[in-house]
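Structures incoming, each one as structure tokens.
Okay, so chain A shows up in both of these, paired with chain B first and chain C after.
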Partner chain A sequence: MRRNRKFLYGVFNHPDDILNAAYSVSATRNQILDCFTPFAVHGLDRAMKVKRSRLALVAFLMGLTGFTLALSLQYYTNVFDWPMNIGGKPAQLAVPTFVPVCFELTVLCTAYGMGITFFLRARILHGVRETVFEARQSDDHFVMCFDMESKGLNIEEVTGLMKKHGAFDVKQVEMIAGAK
Partner chain B sequence: MAHGNHNIEITNQQFEFTSKQKMFTYILIVLGIVLLAAGYFMEKSNAPASNASEITEQVLSSHEGGAAEGEHGDLVTKRLWANLLLGAYFTFLLGSGGLFFVAVKNVANAGWHVGFKRIPEAMATYLPLGGLFVVLIGGVWGVLGSHYYHWSTPGIMDTDKILNGKKAFLNPLFYCAGLPFFFAIWYYVQRKLRAFSIAEDNDNPNVNAKGDIMNDKWFNKSIGISAFWIFFFGFTFSITAWLVIMSIDAHWFSTIFSIYNFAVLWVSTLSSIHLLLIYLKAQGYYKHVNDEHKHDLGKFMFAFTVFWTYIWLAQFLLIWYANFSEEVTYYNARWTSHYMPYFITNLLLNFVAPFLILMTRNNKRNPNTIILAAAAILIGKWNDLYLMIMPGVTGDYGSIFGAMEFGAIFLFFGIFLHVVFRSLTKANLTPVNHPYIKESVLHDVGV
Partner chain C sequence: MYESPIREPLVTGGRTYHNITEDICRPIENKPTRAWKIGFTLSAILACVGVFSIAYTSFVGIGVWGINKTVGWAWDITNFVWWIGIGHAGTLISAILLLFRQKWRTGVNRSAEAMTIFAVICAGLFPIFHMGRVWLAYFVLPLPNAFGSLWVNFNSPLLWDVFAISTYFSVSLLFWYIGLIPDIATVRDRAKGRAKKIYGIFAMGWNGSVRNWARYELVCLILAGISTPLVLSVHTIVSFDFATSVVPGWHTTIFPPYFVAGAIFSGFGMVLTLLLVARKVMNYQNYITLGHIEAMCKILMLTGSMVGLAYITEFFVAWYSGVEYEQYAFINRATGPYWWAYWSMMTCNVVAPQVFWSKWARTTPWFVFMLSAVVNVGMWFERFVIIVTSLHRDYLPSSWIDYSPTITEIGIFAGTIGIFFTFYFLFSKFLPVIAIAEVKSIMPYPERPEKHEIHEAVATH
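Moving on to the complex of A and B:
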């Protein structure tokens, strides 16, 4: 169900500030929900203690799907259903001729599967409104955001830490996640 | 990694070529020579004379151009020559690969590799010696001395129409004067890049308030010459591969051959850099080079393993599919022959093993699995070169491997390692004043 949720967020001026804030907040028991930055800040994922993405596993499985698909398609058409003599090549299993199609379909399925999975998981979909806490989070400001319903969030401690590391604005907001 | 990452301590160390390491390289060299001699004389006394006529017959009937011809040296000596050529060419590839690594990174404005940049630089210092070996063994001995290349046999151009058509390219002058000329230019570029890099170490780094090195004079100088060399290398390396390796089977040609050789060069160079890096780290050097750099090198190895396979298949598939008799003899001599085990091993070691080993993230960051993959790649590339050279020189005779094969590879790797270690001692292990050294130390591939 979509309902209003309460968020706490701090706005920073400089990537180094949000990086340092992320390090010190992660050292406490408070959990950062997410950080919004106009560009990739190196080391921020590590500082936030983000878990490793399982996208690589998805890629592997998608690749395997594509490979199996290509192999079975070629086997069915060229060996099982309608064997043809092309250039005198062995009719049973002309492995080298199967390679390019297997390669292409593996790449195709991996690329599309990985891309689509990523978009689904990251909720970058048509019709989904982006989460905007601070209008300039996509321009020149850096936003660190907390879910106020998360367990053990010490609002005072987090506010203090963010301010200490240069957050010029700390606010609470109530909104539907994913829409303003 | 601590936060406040502005104050990076870059500790420079000086590599020490210990007597133990020196002894190791000497033992490799001596062992190589002993094995070569032992293998040679053992094979000689086994006298493949009865063997030779059979092979000559078979080879001639299969219209295999460059193979055994009886009158020009016996098979055992040819095999010795082929092994020496392989060793010289393989280590020469590693040398030029080191230079290519440095040049490509310069042109790409890359920073991540700067921490261990002195390893490929040291590998590149083998270039003049490696080029000399290739020219001496291939040109002076193979072309001028014994005519081990089929096309260099006196009088062949009058009787062989196909070779006559390639006369402008396949001639002793081009081989023995052209190659040294190209290598001299490579050597010049290597000297320049090395000199710039060392001059940078001794120059004022001009550090600004944030701790960044602002003096990029030497780095900027090396970009232009690197760009020129990559362009030049593309053409001249192709010619080198055609002359030294492809002309063994002078009737046959493959338009992708030079890229294929480049793939061999690049994958084995990356593996060697990685192995040297792991070794030096185990010796206590390169403290600032960490899993992040190794991860990227591992990715490189993984990617170019697939590249090699792609090129290998591109060459194989077209020839196999078209089935033209003048092209397919090449694979006849390598697949449907006594070389079949090598052919299978080639794919297993160069594609299957490294592809599976290097697939996961953890394996790319773990030195043990990297050593495993790099060993598979280097042995596989030796095997690949063996398949390129040996069937064309000795026919089926070379399909059983012996002491000579080990000897040649020990000898040349002994020399190569000696040169690399010696060059490592001659400069700081870390280019401390490189404008990208900080970026390299902070390099992070993410979670």
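Moving on to the complex of A and C:
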């Protein structure tokens, strides 16, 4: 269910300001809902105590799948189903000649398996409504936003902290949010 | 604590974040310029010549090419290897330089990756149409035949090529598109009306949230990690097409590293050719600085020297092996009927890049442009020399023959150049040519010198 929700957000114009603000707010009991930045501000995820992504594990498992797929395909076709006769030698797992295809399919499955998981997990999908507080949040503004319906949000405190660290604008808005 | 020496800034001209967005979005938001229209029209006409030549080949048959029983591979495979090699620079810049944390790559990686994709499209056309009956091209897929279970032969490097090239194309496309998403979102947020809708479809709801940036960076890092061995494997496998044969001049173990170095060499040649023009025409001197050009010239000189070393090693090994077929193949290359191709290759690839020892040569754009064109020509000749001169003097003197291309072959080659530039012109009009988000993340903070404050904040928490 998508419905209108109320948000409080502050706008910064320097990555260091939003980073300082994130550290200060995290030290209080207030919960930052999300920050929106035009580029990856390193350290912001740590300041907000965001958990590390497990996409690397997905990539590894997908790579393993690709490798198994390639090896079984080559074994089935060239050894089991139609044993390849090369100079009368017994058809068997010809490891050296199977390496290139195993490698390529490992890479292909890793890339696409991880890529698709990334799209699904990050909700980068066709038809997703983007959460845009400020049109310039993808240009040169850095937005920090709070969910006003969450319990224990001290509006005055976070407003004060954001202003202290250089937010030039703090606003409340009611809108339908897309991806969290 | 060690502090590294101060480097030249990667973005010059005191640009702010907003300036960067404006500068890079300007060509997309404005009407196309006269230069763009003329360039696009010429490329499109050339592409049509290619489409016509390809159609003619498909309808009439491979007989319209100059190839024959002895020289069965000629311009087609030469062009295939040439284009694939050109593609390698994009992946080198976006993947290998990312792993080595070479931040200057951010100014050039987007167009280099685009170039990779277009070059691989051009490359793929050649083996497919060389099949003759192109409607049977699906035979290269691992499908059993109609009469039982005869499969493709996984012991053949030609089949490895099918897997390598298709993986390379797919992974490069994914890497390029994931990199583009934040920048498409920037264009979307600035656009109005129909453009907003169209860019909105391709941005797929990207909003730059912290969690997504963290995932995005991780995905890019892993993609770079797997693309690095991938790009090396692709040209290695291309070289196996030759190296696993028993043709004198092809049957050498030096081929994989030699081909990879050559691929990166030609790729950087093409990157420089394109970017030196783009930088001038689109006014990107602040993003593609002389420092970027100099760095690429150094890579050009390094890989050029590696290629030169490989040429000399080949000659030495032919003599040292004592195999007279091998020796004849190499003497014939340098002094036989195609001596002019061999010496063009030597001049363009080994001698010419040595001028980059001089700083003046590395930092003078018009000179670098000329040299990059020379490198492109030289690398084309390298593939021609390897392929045609090795084949035209067979084991049987009765089948010795000379080869020259027909007008159809020339048309297809010219056509792929047209296709490549048509795609590039479209890309430069509709997508951000420079990675906006990445450039912003590496630029100096002009307005706030006191950034040490942040390290204290991190340390206390």
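Assume the second predicted complex is superposed on the first by the 172 of 180 C-alpha atoms of A that agree within 3 Å, B and C clash if a C-alpha of one lies under 4 Å from a C-alpha of the other, contacts with A are read in each partner's own complex, and residues count from 1 in each chain.
Here is the rule we go by: a contact is a pair of C-beta atoms (placed from the backbone, for glycine too) under 8 Å apart; a residue touches a chain by one contact, two chains touch by 3 or more.
Being a predicted model, the structure only gives us computed values, none of them experimental.
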Of the partners chain B and chain C, which touch A:34 in the superposed model: first, second, both, neither?
second
Touch check for A:108: first (chain B), second (chain C), both, or neither?
second
Partner chain(s) touched by A:23 [first = chain B, second = chain C, both, neither]
both
Touch count on chain A, higher of chain B and chain C:
C
Counting only touches as set out at the top, which of chain B and chain C does A:47 meet: first, second, both, neither?
both
Touch check for A:176: first (chain B), second (chain C), both, or neither?
neither
Which superposed partner A:120 touches (first chain B, second chain C, both, neither)
neither
Does chain B (first) or chain C (second) touch A:89, or do both, or does neither?
first
Show which residues of chain A both chain B and chain C reach, each in its own complex.
19-20, 23, 43, 45, 47, 50, 52-53, 56, 97, 100
Please output the residues of chain A touching chain B within their complex, sorted ascending.
19-20, 23-24, 42-43, 45-47, 50-53, 56, 60, 87-89, 96-97, 99-100
So in the complex, the part of chain A that touches chain C is made up of which residues?
14-16, 19-20, 23, 26-27, 34-41, 43-45, 47-48, 50, 52-53, 55-56, 59, 63, 73-74, 77-78, 81-82, 84, 86, 94, 97-98, 100-101, 103-105, 107-108, 110-112, 114-115, 118-119, 121-132, 135-140, 178-180
Show me the residue ranges of chain C that touch chain A in the complex, using the header's touch definition.
16-18, 21, 142, 144, 148-155, 157, 159-160, 163-164, 167, 170-171, 174-175, 178, 181-182, 185-186, 188-190, 200-201, 203-219, 222-223, 226-227, 229-230, 233, 237, 240, 436-438, 440-441, 445, 447-448, 451, 453-454, 457-458, 461
Partner chain A, residues of chain B touching it in the complex
1, 3-5, 313, 316-317, 320-323, 359-361, 442, 444, 446-447
